[in-house]
């Protein structure tokens, strides 16, 4: 029996067959995966809002659910803090009363004190009297967090806590959330669509796809060796699909769909996805191709987009499969890259990972 | 109206239904169409300017008022009726007029504003004071028309009620009549009149005339009505 | 709510539901239980019941047509535009709901009857309501329209206003937008509202009696026929009630299943 | 919609609104216009009208209490749970809507009257409905409850289910969640539904007459008193109608303004 | 009179006093700005969905609105393609019928042909019969775009076309949108909250704040010299607020709120916001501070977050004002940076821009 939170469930929801197990000791586990993978469903099972056909939920040694033993604690007795995707703040209550909602068992003055203390801690002291509809997105997120934390929960479940925020507010809110989660002191399960968010907030990432955990590890480990094309895509790598066959020198050649061939030091045969990180890809004009280099992979491409990002630029290429290169701003200026230009993209066989599709 | 015969609209007291329906079927100068309701409702309509062709009331007061107001041609008395104490045919606890005055019996009467209610009050006034007081104390409802009184009895909601003898006959065996002493019997006279401004004065007058002799009179008698007093 | 086994509260609520069902449904059982089914059918054979049923179906169809035709754009206007006195206008449109039907009848006569505010003008135009089938339609329209208006207003209010805007930017004028986007988008609520209004029109009794009387083939709708045969032929009254119930129950259920299926 | 000057379609709709207002409001004007205001007031002095008004207010308060107490959780159940036969249950709960009031009265007697399915048991328990004030309440509850149920169900259905779930995870059981989150969240719709049901109960006539009769102080509610004084004292009938209208209009308007303000 | 789209409006909406003018020749202008700035309002004015108190909308020499002259074309006669924030697809129509909606004036076979052609072009041929609720977010966006383009509009207005998408779908959708907008051939006005999006999709960015245009220029120009703290924040730079006063050597010293002082080569006095791009900021351990360098600005800081992003890492610092540094992955590993570490952040006075707050 683990000391943190264990959620294991096998059940059918709608068309989805969920069969997954996640464990979080202290710290934060990010649950990532495409839409409809079952992330929310798993959180709901942990919180007791959904009962799986078969399942097990333990928290700090207590049994919250054990379908085999017929044990099932209702949600109100699990002390499990949940931040819902759209926050689900009570619209008829002020920020203060939302936060105080879970403190009913405390005597009134103490309840007031604790709610005020949490509002203060989240920088909401001045908005205590405001109704949710009068709060900005970031303020709502903080009220939702404060509300979930108020009854001192034994586990914290967050369902895409940042996705309802606009991009500008999100960066700040993410920083706040990160510092908060470090101090939470309880196991945290965080659902997210965004790899950068997972990397910043979580110690580990578990990737859920159509109801199954397909990979689990530290964010950097996932980026380094994604277990599937989906994971690679999720981490921001480019994914090129094709058919692999053995080639000389211990290399694997991949004939890409839509044309072109590339090489990898990984070995595989049959349909594969080849992944490459954007910063591994170099670009040269098609009329002045680079001389012989150690980079084995060369693809003719058309520049689709050039996006300056600070002192770098992301260049979207069509090979015809989409490929992203990240160059320094200087390189882009020197090459005078513009959409429509014909170029050659090059990268090393060692930077090309092959994964099953 | 089909077949060239005009449609004659007859607004008639609810209690006349059993007599007027067969009369209407045999009435040849026009196709008679009936609207049966409480006489007072029908009078209220006519007062609002609504113009049926004929108005037949369960009393003489309403037609007289409307005649005075210029809404009707001169009314004629065409039938009489008798009041009875009606009780459910089976399983009732009232078997005599006196029993209706016993405590615990539920009695329904017509509201004093409708003919049946006015007549009922006349009856009670002429009964012995003991019986009258006992029955009045037992009154649980004052109904807006005689049909409602009948319905209360057929549904078993009440134990006894004052209705016309024709209603008991029309109820098809579900009610039983307990006769009233002759001295208590009020003068129940029905009056009918042609509505002023009717589009079919000839047929309307023929209809009213028919009530006094011929098929109308026969239908009235068959339904239990009596000829009007002279 | 959750998909867990029900707690005491849900159990109590289910009990409440059973109670409500019993209370609202037993009277209907009571009506049907009083008459043997064979007799129900045979009683309908007589022409009066069939005439009344036919008149009821015809007049309610016309009333519903008027209510829907006028009420749909009006409800949309009330739902989407804010203006001073909107609450007052809405209340006025809802008042017929609380009027005792007999008073409604008198009111209709006072307004549109031969001596009414507009009476002679209407009579001259051949639109007299006193003792005519038109009066039946007027009475039904008067008592039933608030049901449709209210439901339609809610349906339009729930519609994303961006849909109508999108339609406008795609070249559709106001009327085309209303017909091709707004009405289909609110269809579920409109159909439910129409079903309710139809049900109310079908059951309308008091106002019709006062305005139009109870003339077979002209103004004796099914409820009036039921009332007329109460004291004389109780079984016939019940038979007609049962048919009325069956027809309207089937309609309500059908509408519910249809819109339930159509909803996401 | 847009904030531009209105096109022909909007103009036509405004015309429709004016037409609807005229049609629904003129009868009310007609009623009031028939009687001078001074006389209206003086006619209320007589005890019958006041008794009737008092009885109406008392019985409708009780009916509304029953409807809200039982109907609120039931509506929530129907709105949030999916189960087989839900459409059927909903239809059954709505049937009273289409029942002619007189038939509803017959049905109530057939079910709960002295000779009804449950009659003697109820009578023995002192809950007889025939010719009692209890019968008035039963009739009002029967005809008015579908209005509340339907509106409440819509209000609960529109509520984000995540709110109730959030409440559960914050330690509130099902009943506490219902009382502290679900009901306040649906309050606007519930109040509107209650206002409609109250209006319908206040105007109830036919079923009350059949079930409870018309006896001053016991079962003669305002609509029955109005009806009773039709022929003898038309002015008194109109005076009472006007009061009924004013009271219910004020209530509907007040509720609308209140909930309109509370809404975002 | 311009050849593209001109929108000029002065009006009051709710609490907002809008007074702005934007012009787009060919190409795409991004309209950025905080929530409630009036971006959607301006689009609605352009489309004819809202009539301003005073305003002017011209398109290709035609007058769509001129309040002074009393001219006001209704939306249905402006031929202005709009992509709404949540797409506003007609829920009762299939994808095909949504796209064909604006083609009513064409004869039926031609309408069918054009709708099918657009669906094909947007990769939606197979989803033609699906209702919006059965489409994924990305597919919906494409249907919305196809629908807006179908009647060959004379201008295109996009209200945060990507914000309804999840982060994974968004990158792909953004690439598609970019290539599409290049081919649109009509003036495009695009509302966005996201600087990267603006940079990738638009030729120019206009920043709207509380109803007024506060800056306008190419994305890179905005990043280089933001006109306000808001613009700087929007471009991803760190913003530190303080009081400026002249200092020796032509520099400006800024006493930061919360403590610390930095220098800038820009000149200013009074309350200012100092901005610095993350890649300009270097980090050293507090116990081994860097020796004398040309970097004039030095602030003690605590590491709040370390976010690996490919071969780099973003380090969130608390100085106590928040400051972001972007380091190579190698630097982070060498320094063994972890949240809670005390560090010194350094950057050059020339990289410090001063803007009014």
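By written order: A, B, C, D and E. Residues from 1 in each chain.
The rule is simple: a contact is a pair of C-beta atoms (placed from the backbone, for glycine too) under 8 Å apart; a residue touches a chain by one contact, two chains touch by 3 or more.
In this text the structure is predicted, and so the values were computed from the model without any measurement.
Enquirer: Trace the shortest sequence of touching chains from subunit B to subunit E and report its length in steps.
Expert: Counted as steps through touching chains, the separation is 2.
Enquirer: Would you mind working out whether subunit C and subunit D touch using mostly the same residue numbers, over half shared, or mostly different ones?
Expert: same
Enquirer: What's the chain with its C-alpha centre farthest out from subunit A?
Expert: Max centre-to-centre separation from subunit A belongs to B.
Enquirer: Based on CA centres, what chain would you say lies at the far end from subunit E?
Expert: It is B whose centre lies farthest from that of subunit E.
Enquirer: If you average the Cα atoms of subunit B and of subunit D to get two centres, how far apart are those centres in Å?
Expert: 34
Enquirer: Could you give the separation in Å between the centres of subunit C and subunit D, each centre being the mean of its C-alpha atoms?
Expert: 15
Enquirer: When the centre of a chain is set as the mean of its C-alpha atoms, what distance in Å lies between subunit A and subunit B?
Expert: 85
Enquirer: Between subunit A and subunit D, what is the separation of their C-alpha centroids in Å?
Expert: Here the centre of subunit D sits 52 Å away from the centre of subunit A.
Enquirer: Where in subunit D do residues touch two or more of the other chains?
Expert: 2, 7, 106, 109-110, 165, 168, 173, 227, 230
Enquirer: For subunit B, jot down the residues that touch at least 2 other chains.
Expert: 41, 44, 151 - these are the residues of subunit B that touch more than one other chain.
Enquirer: Going through subunit A residue by residue, note those that touch at least 2 other chains and give them in order.
Expert: Counting only residues that touch two or more other chains, subunit A contributes 48-49, 74-75.
Enquirer: Give the list of subunit D residues in touch with subunit A in this complex.
Expert: 160, 162-163, 165-173, 176, 180-181, 184-185, 187, 264
Enquirer: Quick one: which bits of subunit D touch subunit C in the complex? Just the residue numbers, please.
Expert: Listed in rising order, the residues of subunit D that touch subunit C are 1-2, 7-10, 12-14, 16-17, 19-21, 23-31, 33-34, 70-71, 73-74, 76-78, 80-81, 87-104, 106-112, 116-118, 141-142, 145-146, 149-150, 154, 158, 161, 164-165, 168, 173-175, 178, 196, 199-200, 202-203, 205-206, 222-223, 226-227, 230, 237-238, 241, 244-245, 248-249, 252-253, 256-257, 260.
Enquirer: Note which residues of subunit B are touching subunit C in the complex, please.
Expert: 7, 9, 11, 14, 17-18, 33-37, 41-42, 44-45, 48-52, 146-147, 150-151, 154, 167, 170-172, 174
Enquirer: Using the touch definition up top, name the residues of subunit A that touch subunit E in the complex.
Expert: Spelled out, the residues of subunit A in touch with subunit E are 34-35, 136-137, 163, 166-169, 172, 175, 178-179, 182, 193-197, 199-200, 219-220, 223, 233-234, 236, 277-279, 304-305, 307-311, 314, 316, 322, 326, 339.
Enquirer: Write out the stretch or stretches of subunit C touching subunit B in their complex.
Expert: Listed in rising order, the residues of subunit C that touch subunit B are 102, 106, 109-110, 113-116, 119, 130-131, 209-211, 213-220, 227-228, 230-234.
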